[in-house]
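In what comes next, subunit A is part of two complexes: it sits with subunit B in the first one and with subunit C in the second one.
For the complex of A and B:
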């Protein structure tokens, strides 16, 4: 049997000051790591949950985003009657020509202006997104300068209350409704009538066309058919795949976050190492006594490594506690594909918390190895005299 | 009449221990040969730096000679690997320190239990052994006290309980009364005498104190690393 773990825990308690200081340093590192991971998890969730698996998004061949795409009216007509497209109760094909522009809105809290996506669509476009529903007010009327804003835009930006007006295109647009898009990327959009937008922006073409297939197989077939039609020169892809691709917007956060967390982790390893070296120096005679009682070098090594891991886990738990209040907090980032702001929630998932715990344990292991090795290699006679 | 091999528990032949300090060679042990009989209570005396503790540490296999041979219970302990000598010490040797060396964060019970954690005994058996050992040193009412809640004499008695809990054949004591007042010292020495006489433990005690040495059957003196004639 090994040296009892309670020996290590009680020693951590005995030197409470050093333990708390080191644990707090580790806690901050873990908190930063959790923050970055939660941001990325939220961002991923915003995109991955966006997009109906039966919807096919059609854009110009080679376009990576709706903003740089164009689809003309003859192509729209050609696509409307492709096989596999679902029809609504009135027998109308479920096809929505859409136009996307980016406008600038001031933040409600006065911290500057942010790009926001305005999406023009037909009423069919609303029907094709059954997951999104009206939270208050009503949907826009075709042929009117009326807009419906998402919940998060309503909360985060000025001039986004019912009855407010927003100026873009050729005039003032009135907010007539607020929609709830859950936490999908539509939660960062403003919706309006596509034809009114075409008039205001003098655009004869659409940005994209959304097709709703009658089955998953048909959706795949539709996407292929559109892409392979030489006359159309368009690309069709599943809407869910398009949004999944956009999680790349998180790459800069991921890069900077990883670098910061890595540098802080190195600092924390040194903090743990420093504390453990002090512990080993302080307990030289205890270590020698344990060796004389018959405990082997490996059991001394294990004992001190475990103590370092316990110290680090304490910091990890404190870091998690520090971050808990931020769970579910909403924030935004600039989407590199659409040049507009994407709103998402910080999500502290169980998997993420497990990762944070593993992260702190690894810091403890790395920080504790050298001092524990020194403890196990100390000459008994010399240590007894210490 | 038993043969010498049967009754001798420690057999040292021409033990040498030297090390370099600056450019001088210091001899901690200089050609020490000694036989210690089983059941003996031997006191090793001598001035500081005479090599008493070095000899004791060699018998415990925690220090190695630079020359000579040492058999303890017939075993050439310097041939043992590090791990083997740790196990051997746990089973055969009880060590008592001048400054007790109890683990400050563990209770008297837990301190005494430590060496038993390396044995195959189950929890209940360990408990029985620990309580027997603590009772033997008269501390059955201090089981859950931390070292800082005990007097010096009591601490040393816990340390003795820890040394005997695995029922080793040899007890090695390095100035066991050096940090104690005369009353506590007498208590500790009486316990050691009892362990020698009743439990038949072989006791080797390093001491400066002639009063302590008086409890032993035999006293040998070291000086400048050499064992003086008996």
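For the complex of A and C:
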């Protein structure tokens, strides 16, 4: 027969001081684990939602990033009229030659300088990204030294308001607009005219070419066709696949975070164990009485393990409450592929919260097993006499 | 029995509890020591004495852009500069994308490279062999050991930034205490295969004659190219490396946040232990008082006990951290950021001080209450 769970809850309430202190310790551990997981979830979300599934990104064969790739003008002409490329209202093929460079901007809060991606494109390139729209101002005019910045750059960096100037290449560029790219990878970019950029950086070649296919099947076919064309020496891939690959940027955070959470979890397990041992020692006579009343050893064991898990879950919930205000907080890290900063938001997803709860339950289980075992093995007569 | 012996005996009368508390505090202190060590090596240390004489000049806009090679002679003419070499990040792939096969590859000038890195040791015959073979390379002995290379081995680095695969022959191994697990080859190799690489340098490594000259030389170089087509940014090697760390995000706040959480967590653990052990000894306290021990003595007894346990946990944890740090510093995947860091004595002392203070703070309130409790009340206590 099982011991009612309310017995455990009452005991936790009886030893309120010990319960609160142990639970708070676990809460801190869970909070750190949640923080790391939220960082990674936000980073992943930024990359997974980036890229249009109908867009095919073309780079030089062997290049892993637009930054180290180059595509020359003859290759662009050769690709422009490939079958499967969508046409706009004027019958023009939806193809955008793009140039990507990285520049350094100072953070607004004064915590140092950060690499930012500047992407040159044609007006067609803007049309090919329908998910991204203007938040204020206007798009750049071709042939002018004008830039449009993403919302997050507008907020995080100095000199990124409408009318401000940013200096790179051969001189000053004026901010004429701010675009809203949602929480995608483009939210960390500055956009401008590709030909103006080519002049400024003395680069006769493009970094990459973006093709917009008329259907998902055509997109796959286009990517293959470009990759297999011997004359081009280029690789085509779905834009969404290119960004998904960049989630590896989270690797340093993941490594450090896992180590930190793991060490703290071990410490918390010992703390929970300590509290549970004390609880068992304190209730020696009570446990013996339960045994005499007919509760079996397994039910005593289960009861104490459950009590330990309840204690940890309390901590887990406190940890979640502690971290909830951080949901949606904006931060940035270095993109391992583009070497520039990628901005993302901490995301406390339901899946992540479930993981945090499981994490605290496991700490409770590990911390509670040994004391509960001891409680169930205790000799009845000796315990009653103590 | 002296007071110290009494404290020591009491601290371990419940061995399991003391051990668990020590382990719990120990693991937290391990983490705290790690965090402090990383913080110190990133933000407080000035780098090794050799590296403090070195500066790095790069394109002001971004590392991605190169500088004209003719800047080299101009920089060398700046008073205080001893030697300058260009270094070009190749960024190629060795074997595959696995992190254990990742290492930095730089194209440079073999004639002058070891004049800038003059504290790195390479046998003269190996240096000469490198200088005579345009497709030759040198690597740190540590890197060679990790990749299983011997002198004379052929090393193929696949293209990434430049459209050429490097087929190099390992000509020499250098030894240094600094974290420099890199491979260096002759930049002419790439220049001859790729015309656009000609006349360009990614960065310039500079050695100056004294530490005092560092800021002066840095500003002199940047001032010299202020109106040139490509402006420069010159900073100490240490500051240059810190730039990479900072790009990972707000590392400082991250470290401080975790440290704060850790300290708070051990405070809770220690306070909980002390509260438990004092609660069990209410009657004992009353007996001690009856025997004539003063309140202050009793307070001291409990505080001493808590400090003993916390301090021992702290010592265990921080020493374990020292061992862990040396493992991390030599691991292939994390070596890039953490190479060369080690736990030093001041860090250990701070860790011990923190644990002792935590013990003190955690014991104070429960022991104060115990010491104030009336004798009769205490003797009657059931628990």
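As a convention for this text, the second predicted complex is superposed on the first by the 385 of 386 C-alpha atoms of A that agree within 3 Å, B and C clash if a C-alpha of one lies under 4 Å from a C-alpha of the other, contacts with A are read in each partner's own complex, and residues count from 1 in each chain.
Rule of thumb we're sticking to: a residue touches a chain if its C-beta (ideal position, glycine included) is under 8 Å from a C-beta of that chain, and two chains touch if they have at least 3 such contacts.
Computed from a predicted model, the values in this text were never measured in an experiment.
Enquirer: Please work out whether A:296 is in contact with subunit B alone, subunit C alone, both, or neither, and reply first, second, both or neither.
Expert: First partner only.
Enquirer: Contact-wise, after the overlay, does A:89 reach subunit B, subunit C, both or neither (first, second, both, neither)?
Expert: Neither: A:89 stays clear of subunit B and subunit C.
Enquirer: Name the contact category of A:62: first (subunit B only), second (subunit C only), both, or neither.
Expert: So A:62 only meets subunit C here.
Enquirer: Please indicate which partner A:278 is in contact with in the superposed arrangement: first for subunit B, second for subunit C, both, or neither.
Expert: A:278 contacts subunit C only, not subunit B.
Enquirer: In the overlaid three-chain picture, which partner chain does A:31 touch, first (subunit B) or second (subunit C), both, or neither?
Expert: Only subunit C; A:31 stays clear of subunit B.
Enquirer: Subunit A residues in contact: does subunit B have more, or subunit C?
Expert: C
Enquirer: So subunit A touches subunit B in one structure and subunit C in the other; where do those two contact lists coincide?
Expert: none
Enquirer: Touching subunit A in the complex: which residues of subunit B?
Expert: For subunit B paired with subunit A, touching residues are 57, 60, 62-63, 82-83, 86-87, 89-91, 95, 97, 99, 101, 103-106, 110, 114-115, 117-118, 162.
Enquirer: With touch defined as at the start, can you tell me which subunit A residues reach subunit C in the complex?
Expert: 17-18, 21-22, 24-25, 28-29, 31-32, 60, 62-64, 67-68, 101-104, 111-115, 168-169, 201, 252-253, 255, 260, 263-264, 266-268, 270-271, 273-275, 277-278, 331-334, 339, 341
Enquirer: Tell me, which parts of subunit A touch subunit B in their complex?
Expert: Residue positions touching the partner: 1-4, 6-7, 10-11, 13-14, 285-286, 288-298, 380-381, 384.
Enquirer: Can you list the subunit C residues touching subunit A in their complex?
Expert: Residues of subunit C touching subunit A: 16-17, 20-21, 23-28, 30-31, 60-65, 91, 158-161, 163, 243-244, 246-250, 252, 258, 261-262, 264-266, 268-269, 271-273, 275-276, 333-334, 337.
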